[in-house]
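Shared between the two complexes below is subunit A, which pairs with subunit B and subunit C, respectively.
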Partner chain A sequence: MSLKTYITEYLGKYLLTTLEMVGITLLIGAVIGTILGSLLYITRKSKKKWVQVLYKVLDFIVGLIRSFPFYILIFVLLPFTRLLGLRAMSNEGFIVPLTIAAIPFIGKIIEGSLIEVNEGVVEAATSLGLSPWQIITRVVLREALPSIVSGITLSLITLIGYSAMSGAVGADSLGSFAYNFGMISYDTAAMLYAVGTIVILVVLVQTIGNFIYKLVK
Partner chain B sequence: MIVFEHVKKTFKSKNNIVSAINDVSLTIEDGEIFGLVGQSGAGKSTLLRTINQLEKIDSGSILVNGVDVSTLKGKALRDFRKGIAMIFQHFSIMETQTVYQNIALPLVCEHWKRKDIDARVHELAEIVGLTEKLQSKPRELSGGQKQRVAIARSLALNPKILLCDEATSALDPITTDSILDLLKKINKDLGITIIIVTHQMEVIKSACKRIAILKDGNLLEVGETDDLFLSSSSALKTLVVEDEIVPTTGKNIKLYFPKTCTAESIITKMARDLNCDFSIVWGKLEKFQELVLGTLIINVSEENFDRVIEYLGKTDVRVEIIEGGDR
Partner chain C sequence: MKKYVTFALSAISLLSISGLASCSGSKKTIYVGTMSQPGEPILKHIEKEYEDKTGYNLEIQLFTDFATPNNALAQGEIQANLFQHKPFLDTYNENNKTDLASAAIMYDCAYGGYSKKISNLSDLPEGAKITIANDGSNMKRCLDILDAEGLIKVDYGTTATADLNPDTVNSYIVENSKNLVISPIATNLIAASLDEKDVYIGIVNATFAINAGLGSSSNLVCQEQDPTHKNANILACKTEDLKEDWLTALVEVLTSKETDAFITSTFGSTITPYHG
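Then we have the complex of A and B:
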């Protein structure tokens, strides 16, 4: 395959599907992951017995999903995807396992970022009479934001990596394109173009991530 | 007015129990600058933190302007805390926020109008002297400036009481002085009661009108700072680490000069009256707020010793005999 054919016929389509699946996943993953991460952060510190149990349970589930190899997770979740009324063997279907993998991943990253926030600042906020909700949203999450941005950037890059496995359920992405053309049709040039596109995408994501990091720091 | 009555607090961990506060009763008056002093681990911070319930007590009671603080919960506790400011050793301001945003935090959380917040933040910045720095991030500030931000933030909601937990311990001596000056100004101009936890002698001398001395969770003494300094029996002495190098011959006498007399007049008069020689070993002037007090060590010969002691006994000077050379 020539570079020209790649650019005119394939690049647009595969780039778009990749961005779409990764973008939607990141959006859902970041929202639920932030809630999950905050919940882990709050429950972890509590002195109440039942809250400690809640933390243990949450942490166990998170660990369980995270330890599943992603390739296995895709197949394990096929019935669940159908249950949601989505076509399992398609692009929309692939978003389900991708999101399920992203939520605990991002959740743990957010929890880690929140734990790093200076305990003294939390104490000062308490002494100012702020409510627990205000302390989490206006103080802890805000102070953790630079670290969260780094974490989300890392998550996005990981998701782009995971998207390569979309071929497993017949979904299209730059990664599956590289696999199909390079490994199956032995079109090395096509594979290199796709991989090159992914590299550029990753570098771009990292650059934007770094920029936002500086902005919020 | 803050009234502690038989306050007890223990910390329990897996394998030991620490009695951090052991039956402390104490009254702090409105408008004073009160010091809680003692060595590290004495229970100063714990006692301070019980006032705004960052630390719950096991038994006893704490009344703050008539309110029993142990009974407060939820919203009532949060509203109560808004009336009590607190600053910390490591400033505890938000690193990601500008000075302006830091000071505005309590106001934003109270849903003030933007215009009112702006006016109040500028007013507070004026008080602490940070008008030029409002748009700076904390990493661009010195330690003293960071503490000023914390002070401004803590004052935002017009508290009646300001709690300071080792607020100057991370600062150099000159910056410490400037922060203490600011605290004194706040105390005077705004009439805010200030309670200072410190192990720094300079802070006690410069700012605290009255102090309570704590040791291992016990309240050893409460009183006027200068009285405790002058009293040779005071537990305050255990806090002062001084290199008192004195001669090994003759007798060394340490004199404490109270408010009512000055060193020179007594010393020169004594030399004239007794017609005897003695040497001045070591002397120091100490400033207590507006008051200057002195300590002086003199060395006299064995034969003159009794006369000197007798003479000094008739004055207001307090006398302590120091054993030669072994201190």
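Then we have the complex of A and C:
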């Protein structure tokens, strides 16, 4: 494949589907992941018995989904995606397993960021009479923001990597292009173009992530 | 923080609305599943003609492995697929209790044994390794080629093609005087496996072989003879769709003289149009 063919016929379509797939996943994953991460953070410290049980259950589910090899998760979730009324083997259908994989991943990263926040700050907020909800939203999440930003950047890059497996269920991404048109078509040039595009994309994401990190710090 | 959450939520709803809007176009979309070689270029070639003729929207969906396009078809997520031969479809139907049908016979794919180490079968050393396809119907195809060349003798006994298992490939080989090591692997890796030190022959579709730079005649050491065209590739669909007008129109453009000429000029001797 010539570079011209790649740019004029394929680049736009595959770049767009990758961005769409990964973008929607990140949005949903970041929102639910933040809630999940905060929940893990709150429940793990509690002295109440039932809250501790809740933490154990949540942590188990997170661990369970995270231990699924992503390639297997895609196929396990096909019936679930169909239940949602989506075409499971399509671009929009692939967002479902990608999101299900992203939520616990981001949740764990957020939990990690929150734990890093200085205990003293939390104690000070408690002594000021803030409610647990206020402590989380106004103090801890805000304090942890730089660390969360770098965690989300990391997640986004991981998701771009995951998106390469979309070809298994007939969804399009730069990664599946590299496999379909490069690997199994034995077209090294096509593979290099797609991988090159991914490299640029990842560098761009990292640069923007670093920039926002500096901004919030 | 509230601001961010509100922003994210509104962004999600905005995206899903725009997603829904793009789905509800007035044109009916026909999804056809295929693989990058040789199906994609052929479908791409007829895409515009089909859309102009029928007013339907044709969407080509690419899959990376043989296992999934039939699953997508059976679930109704694609309306047709083009990547397999009839024995492969029969095996799928048998194993999954589905009723997928062949809408049209499309083309013969040359299938043969390729080598980077020998140019003649008689030079094959004792204990050489041969890589073959690892799905039931194509594994049988490979073993039959080796049998026809007299390298091994195969006997499947009462085992149906659908039940052939790559893990027990040796149980189908009743005679193997050269002690050849027959190794079933994923079809798309067979050509690449020829770079391994101990792999002497890989049996694979000519399209794969030529893309992998094995096009010269000195690389081809044996070739399948298929006078009855039983391994010709087909366009598959659901049985209940056989009479649908979108399918009739699709078969018409796919089997036209013009498409045949395109196939011949693109793939040369590796893909030969044949419509039964």
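Basically, the second predicted complex is superposed on the first by the 217 of 217 C-alpha atoms of A that agree within 3 Å, B and C clash if a C-alpha of one lies under 4 Å from a C-alpha of the other, contacts with A are read in each partner's own complex, and residues count from 1 in each chain.
In this section, a contact is a pair of C-beta atoms (placed from the backbone, for glycine too) under 8 Å apart; a residue touches a chain by one contact, two chains touch by 3 or more.
All figures in this text were calculated on a predicted structure; none of them were measured in a lab.
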Which superposed partner A:L3 touches (first subunit B, second subunit C, both, neither): neither
First (subunit B), second (subunit C), both or neither touched by A:V57: neither
Partner chain(s) touched by A:L83 [first = subunit B, second = subunit C, both, neither]: neither
Residues of subunit A touched, compared between subunit B and subunit C (which is higher): C
First (subunit B), second (subunit C), both or neither touched by A:R142: both
Contacts of A:Y186 with subunit B and subunit C, given as first, second, both or neither: second
Which superposed partner A:V216 touches (first subunit B, second subunit C, both, neither): first
Which of subunit B and subunit C A:L16 touches, first, second, both or neither: neither
Which of subunit B and subunit C A:I72 touches, first, second, both or neither: neither
First, second, both or neither for A:I200, with subunit B first and subunit C second: neither
Footprint overlap on subunit A, where subunit B in one structure and subunit C in the other make contact: 138, 142
Complex contact set, residues of subunit B against subunit A: 52, 54, 78-82, 84-86, 88, 90-97, 105-106, 108-109, 150, 153-154, 157, 163
Subunit A-facing residues of subunit C, complex: 1-2, 5, 8-9, 11-12, 15, 19, 31, 33, 35-37, 40, 61-65, 68-69, 71-72, 75, 77-78, 188, 191-192, 208, 211-213
Contact footprint of subunit C on subunit A as seen in their complex: 24, 27-28, 30-31, 82, 87-90, 92-93, 137-138, 141-142, 167-170, 172, 176, 179-181, 183-187
Subunit B partner contacts - residues on subunit A that touch it in the complex: 118, 120-121, 123-131, 134, 138-139, 142-143, 145-146, 216-217
